[in-house]
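Only one structure is covered here, and it is reproduced in the block below.
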Amino acid sequence: MKKMKRLPALFLCLAVLMATAACGTTTDVRPDASENAGETGGAAGTTAAAGESTPAESKGETGTSDTINLMISAEPVTLNVLESQSNLDEYVFYLTSAMLYRSVDTELVPELCDTMEVSEDGTTYTYTLKEAKYSDGTAVTAADFVYYMVKRYLTSENCSRFVGGADTYNGGLETCEGIYAEDDRTFVVKLVEPITTFDGKLEIYPVNQAYVEGKGDSYGGTPADLQYSGPYILDDWTVGTSLTLHKNPDYISAAELFPLEHVNLYYSGDASSLYSRYAGGDVDAVVSINDTVVEAFGVDNCYRYSSGNMYGIEFNTTGFTYTEGDGFVSRGEEVTALMQNENFRKALCFALDREAICGAISPSALPTNRYVDSGIKGTGETPYVEEFALTDVAPLSGDAEAAKEYLAKALEELGYGDVSELPAIRFLTFENIQQKTMAETFVSQWKEILGIENIEINLQPIQSAIMSMVYMDYDLYLQQLELNPDNMVDMLAYWETAGTVSDPAGFQAGGAPAQVASMHADAEFDALVESIYRNFDDASRLADMAKAEQMLYSAYVYFPIQAGGGYAITQDYVHDFVNPHVEGGYGLAHTTVDAH
Amino acid sequence: MDTQKKITLDFTPVDPGLKDADQIVRPSVRYWPEVWKRLFQNKLADVCLGIILLMILLAIFAPMVSSYQYDATDLLHTNGKPCLEHLFGTDTTGRDMWTRVWVGARASLLIGFLGALTPFVIGAVIGAISGWCGGWVDMVIMRICDIMLCIPSMIYMILILMVMGGSVQAMVVAMAISNWMGSARNFRGRILQFKNREFTLAARLQGAGGLRIVFRHILPNILGNIAVSLCGSVPGAIFMEAGMSYIGLGVTPPRTSLGQLSTSGIGSFLLPSQFHLFLYPAIVISMMIFAFFMFGNCLRDALDPRLRDEEYNARRMRKLRRQMRKAVQ
Amino acid sequence: MADRLITVKDLKVSFMTASGEIQAVRGVDFHLDRGETLAIVGESGCGKSVTVQTLMRLLQEPPAVIKSGSIRYTNGDIDMDIAARTDKQMRAYRGKEFSMIFQDAMTSLNPTTRVGRQIAEGILRHQDMSAGEAKERAVELLARTGLPAPETVYKRYPHTLSGGQRQRVMIAMALSCNPAVLFADEPTTALDVTIQAQILNLMNDIKRQRNMSIIFITHNLGVVARMADRVAVMYAGQIVEAGSLRDIFYGPRHPYTWGLLGSVPDLRMNLSARLASIPGTPPDLFSPPAGCPFAARCAHCMKVCMEVVPGEYAVSEGHMARCWLLDAECETEVIPPVGRDKTVFKTERKEEVHG
Amino acid sequence: MAKYICKRLLISLATIWLIATACFFLIRLLPGNPFLVANPLDMTNAERLMDYYGLNDPLWEQYLRFLGNLAHLDFGYSLAHAGRSVNEVIALYFPVTAQLAIQAMLFGIPTGILLGILSSYRRGSGLDVSAQMLTILTTAIPSYVLAAIFQLLFSVTLGWFPAGGWASMKYTVLPTLCLSLGLVAGYCRSMRTLMLEVGQQDYLRTAKAKGLSDLRIIFFHQIRNALLPLLTNMGLEIAGLLMGSYVIERIFSVPGLGKYFVTSINELDYTMALGLVVFQACVVVAANFLVDLLYGVVDPRVKLD
């Protein structure tokens, strides 16, 4: 009796799961039904699509709503613009503090900047500012920009470009000769020499030094510990849940831009609840949709944007690892010889079918053979990547035969009879579902195509993965690098002999043993990259860049896999919602919302 | 009386020597055989044991027999629906889910068993020392217990997974370090409970040493309880691993576990095309936990049949009432 | 004829368990008169507790089931068959007409409730009293049972009392509503001898004062000797011999009774002599033997004993036994081994005088 | 009594100090640099921040500083989230977690106990079987799976409750339900067993012999005694609930402490993690203390000394 009654529990168990299967199927219908409307959602003519639907829905035309509810999938880390480590914070700053220039519809337009003058020799930039004030009434002055720029904008990479920055930079400058305020309204930036990557359109925020120092450590901790000068003011930030903003009446372009009065940002770290809340109608737009749930929204309803970063496989060709106690330690002769063998590296690269891998794991990303964003303009109409194609590259869909040939050559050169004799190789990966799956797939492909079974995945939480990366404790590393569309050269500069990626543990600076070279030590490449910074001729600069790219590519130390991307979606009553920025922000400068 | 008299009554005495006094009387009942008998008479216990054994067998042999490697990707057959070729379908990179689920079950079962047993054994030894020695030893051990209970296990977990890498062994060690306290407290309590019982005293008077008494005399008395609580902590350990996987600290790839599979499946929970990635690992892990849990329950019933009798009678009574009601109608 | 309170006829009680039916009481007949003490004697598990608890319908039903028989109770206006009453109907009589004292007062008292409240609870249930009056009455009862400082005892918890004090509390509780019949289920087994004597005296006093009837369950024949007017010997769910105290102690006719009496230590006994005991263990009540249940252990077992259950044989007025040895056809002459020795309870009686 | 409380308070303080010390050093054993997160290449900046927060000082100096701040109950500022003070985080988000925990307990524990009582009273009935099924289901299905099922069922399909967020009571329903189901299952199971155990105690027979009604016996004798053992585990359980559940908070976007707890350790946010650990230790110690006191009051057999 008892047993008979308890058994149904088991079936109920299954029934619940089955029921959810059914739910999964039914919910899928919803995005499909609105497919027509969704496709035109981004365009201006949404009403045409609405016209097809029943008259009851026509009330959407009768009025507008002054509120938008957005779903964000990554939360800002801090409001403290000076300490911010993360580009996730930028869209908060975007909404909370005014800038010299602001990106509106993918273009940088002057905001607080009234005029900008460049000196004849191209080294001195003089900005005059409009009259503006913070929400607490304090006036915005040129000194506020100086304070922010020196404190935060200068990094060890770009410091040397500004007068007086190079020698004194030790991380966090107090002053810099080349950046100063002539008076309250005039802000001056002096370069050591003109460089191509600096066009004066600085996206920097005014920060009042007295205010920051008055707040001390608590600056930027809560919405109350911040001076607002941007289009919106943060009312509430419930960490892990929501940010609530309302329009700043004192904002300099309040009349022309940002028509919405209220912006509510909702955060969810969970992919399925992201979908549940959109489907349930709680939110008007989702800024970034996890690749795994894009399908649930209906890929056709979403639009893709580039996320401004790329994945690539990095090879540790130095043969060394840095340890806290013993300094530089050899990774072992065999592994070193193997990693330094170009044919072996090529074999690994050619074996990968990047098209299939990206398609399976991250549909929003595009497989690539380049180190720059694909959207960058060339000299004419054709994009740069098409105008200056690289030669002798591994096909995106892989080339198993070539890979096998390279492997055979490598084995011959190194004197191995068979792949099973190869030493163990450590493949460092982040603890992140996408990276993890990708690494697993690579290892499996290498095993299948090349028969290499000695590659171990070393999965680490982000913090310690980065530490391992900095200490070069890996043979292979799935490296994610930022692609800055404005400064394409920076990406290449990382790979100079003493560049940050090429020499992460500071082998050159840190007194490494003489025999240690950086991963990509090529004097010719260094010189080429440095010359690009000073070449103002568009055509030859781009040609040189392509040349540098080709050099880096052909060295096979950093093999490009994919350019990252993301998907966004809006309900069909939201208009002119754009992702202006490759960094995954969102543009509300012209966004309007119909009553719904 | 009259009817009895009609039968021929034989009043010849029976020789007491021929008659074994114990023969007709109740056979002496031995504890464990009786428990086993009761356990296996319970159909639910049989079903649970069957599920557990089946899962163990599948975990061991299914990946061996399968024509697919659990970590071999096949980019031409991604997100395949379950079919004869791939019983549980394929995942986003074309790996055979059937093989993966059972390889994952291997890790989960290992973690389940070892993760339940190791902290228990460590806790038992420490608890036994604490309970048996008493005095300041007991004090110190119990304070350490209290303190360790308050330190979030996340810290140990991350630390150990860092040092040892995310392997099954690391998970087990992490569980041993973060879970021994409960078992130590429990065991100490039991030892204290039995320490002054007569049979312990008798053993002590015969000159048996402390540990000998604990293991020879006290342990058998609490074996039943131990078995039940062990059965209960196996699902606990499996869950813990699943929880760690959700946080992102599980078994490292390409190895996998049911926790890993179901957490990565939860991301694609909403997609009809990938629903099987969530469904099968979730069903297998739920069934596994269900089986252990129910088996523990049945074992408890078998050890202490009173409760089961109670239930039996309660049901009987209700049945009788129902019959009576029907008869009245 | 004496004022007959309880008449039990052919009472059969079984326990239904998952593994089968346990026939705990297998056809029992006895009666109880007003003001008399009936002792039911037997080994543990022979069904004595079950019998008495059935009289109060205290058993969980099921597992317990009254298979057959009647329990007639007559007292003044009340005339009923307890066996046919429902649990609900019985509630009104429990505590009022009958009450019970249990063996282990420690476990029989609710550990988290003050003892006074536990007594007052019963009073409030049956008597139309205010809470204050009930408390007064409870204190009075506690005083009556000889507890010093009853007011303080009233407020104490069971675990703070000694074994004897707890049993006195139990008695106070049992007497709270002046019951006509008191069932005492081995009330002194858990106590040491001096306390035991005090409690027994107390019970005897109270019985005499209130003209109460007692059914006293024990396996201690010494206790029987000082308490009982009549004795019923139970074995394997049946009463194998019943009679007056004198009948049982001086003229026992059932081999089991002989065994019982023989296993009582005798002060004058030779120290080197082994204490007599009955070999073997009682039969399994899952499947009771076809014949006399005692046959397997009986030294005088005959073939008939193994095959047919013996009927009741009247030995004298009010004295009966169930044994084939008493059958007219039986030719075996057996001389009762005890009965000639009266010292057993004589010593006990002396002790009572001392106490 | 006062002496007992004083003694317990002293022991509690010592416990908290030991926990804080152990965690201080344990957390420092974790490899990695707290400032190398978003831009892993910016070592110079990371070094600057390490200096700024005094993390390059000798460990014992940092420890003494930590103890000093602890004495002032100042947990400092988060390393990962500049400007966010740990005290403020606790002040802002502990109430959220507490609200959720209290709601879950107020719903879960009485429901569980009631179900346990009912199913023990009507053993083997449909109710008992369904209660046991609930117990098994909620125990056998991982909480993140259950939460996702709830979202799908109650938010997307039925649209009754929002799938996430934290604004009004409506938002608390699903997370509360998810949190309390475990409690319901656990308490139902324990209570049922305890009721059956107490049901076999002699004193219930005594109560029956007094002629008391079934209801009175169950309420005044059985339930009262069955509830007591449940109290012992409540201390740790309450403390656990009060620290929030990472899984539930993440899935339902609840701004509770649980999420901070996990992420701060993951992010190597030393000050935040330590602050929260110490805070949790205080909660656990306080909860245990209160439960012990309560036990002493409710159970006359327990002597506090």
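Residue numbering begins at 1 within each chain, and the chains themselves are lettered A, B, C and D in the order written.
In this section, a residue touches a chain if its C-beta (ideal position, glycine included) is under 8 Å from a C-beta of that chain, and two chains touch if they have at least 3 such contacts.
As the structure is a prediction and not an experimental result, all values here were calculated from the model.
Participant: Going by average Cα coordinates, which chain is farthest removed from chain C?
Facilitator: Of all chains, A has its centre farthest from that of chain C.
Participant: State which chain is most central when centres are taken as means of Cα atoms.
Facilitator: So the chain sitting closest to the middle is D.
Participant: Taking contacts as defined above, which has more of them, C-D or A-B?
Facilitator: If we tally the contacting C-beta pairs, A-B comes out ahead.
Participant: What is the distance, in whole Å, between the centres of chain C and chain D, each centre taken as the mean of its C-alpha atoms?
Facilitator: 54
Participant: With chain centres defined as C-alpha means, what is the inter-centre distance between chain B and chain C in Å?
Facilitator: It comes to 46 Å between the two C-alpha centres.
Participant: Could you tell me the distance, in whole angstrom, between the mean C-alpha positions of chain A and chain B?
Facilitator: Roughly 47 Å separates the two chain centres.
Participant: Nearest whole angstrom, what separates the Cα centre of chain A from the Cα centre of chain C?
Facilitator: 88
Participant: Can you list every residue of chain B that touches 2 or more other chains, as numbers and ranges?
Facilitator: 158, 162, 248, 266, 269-270, 282, 286-287, 290, 294, 310-312, 314-315
Participant: Find every residue in chain A that makes contact with two or more other chains and list them.
Facilitator: Touching at least two other chains: 1-2, 6, 9, 13, 20, 24, 27, 272, 275-276, 461, 464.
Participant: Counting only residues that touch at least 2 other chains, which ones in chain D make the list?
Facilitator: In chain D, 30-31, 124, 136, 140-141, 148, 152, 266 touch at least two other chains.
Participant: Can you name the residues of chain D that touch chain B in the complex?
Facilitator: 15, 18-19, 22-23, 26-27, 29-31, 122-125, 136, 139-142, 144-145, 148, 152, 193, 196, 199-200, 236, 243, 246-247, 261-262, 265-266, 273, 277, 280-281, 284-285
Participant: Which bits of chain D are touching chain C when the two form their complex?
Facilitator: The touching residues are 201-203, 205-213, 220-221, 224-225, 228, 298-301.
Participant: Flag every residue of chain A that touches chain B in the complex, lowest number first.
Facilitator: On the chain A side, the touching residues are 1-3, 6-7, 9-10, 13-14, 17, 20-21, 24-25, 27-28, 271-272, 275-276, 290, 292-293, 295-296, 353, 356-357, 359-361, 429, 431-433, 436-437, 439-441, 443-445, 447-448, 457-461, 464.
Participant: Residue numbers of chain B touching chain D in their complex, please.
Facilitator: 143, 146-147, 149-152, 154-156, 158-159, 162, 235, 239, 242-243, 246-248, 259, 262-263, 266, 269-270, 282, 285-287, 289-290, 293-294, 306-307, 310-312, 314-315, 318
Participant: Under the definition above, what is the set of chain D residues touching chain A in their complex?
Facilitator: 30-45, 47-49, 52, 77, 80-85, 88-89, 92-93, 124, 129, 132-133, 136-137, 140-141, 148-149, 151-153, 155-157, 159, 162-167, 249-256, 259-260, 266-268
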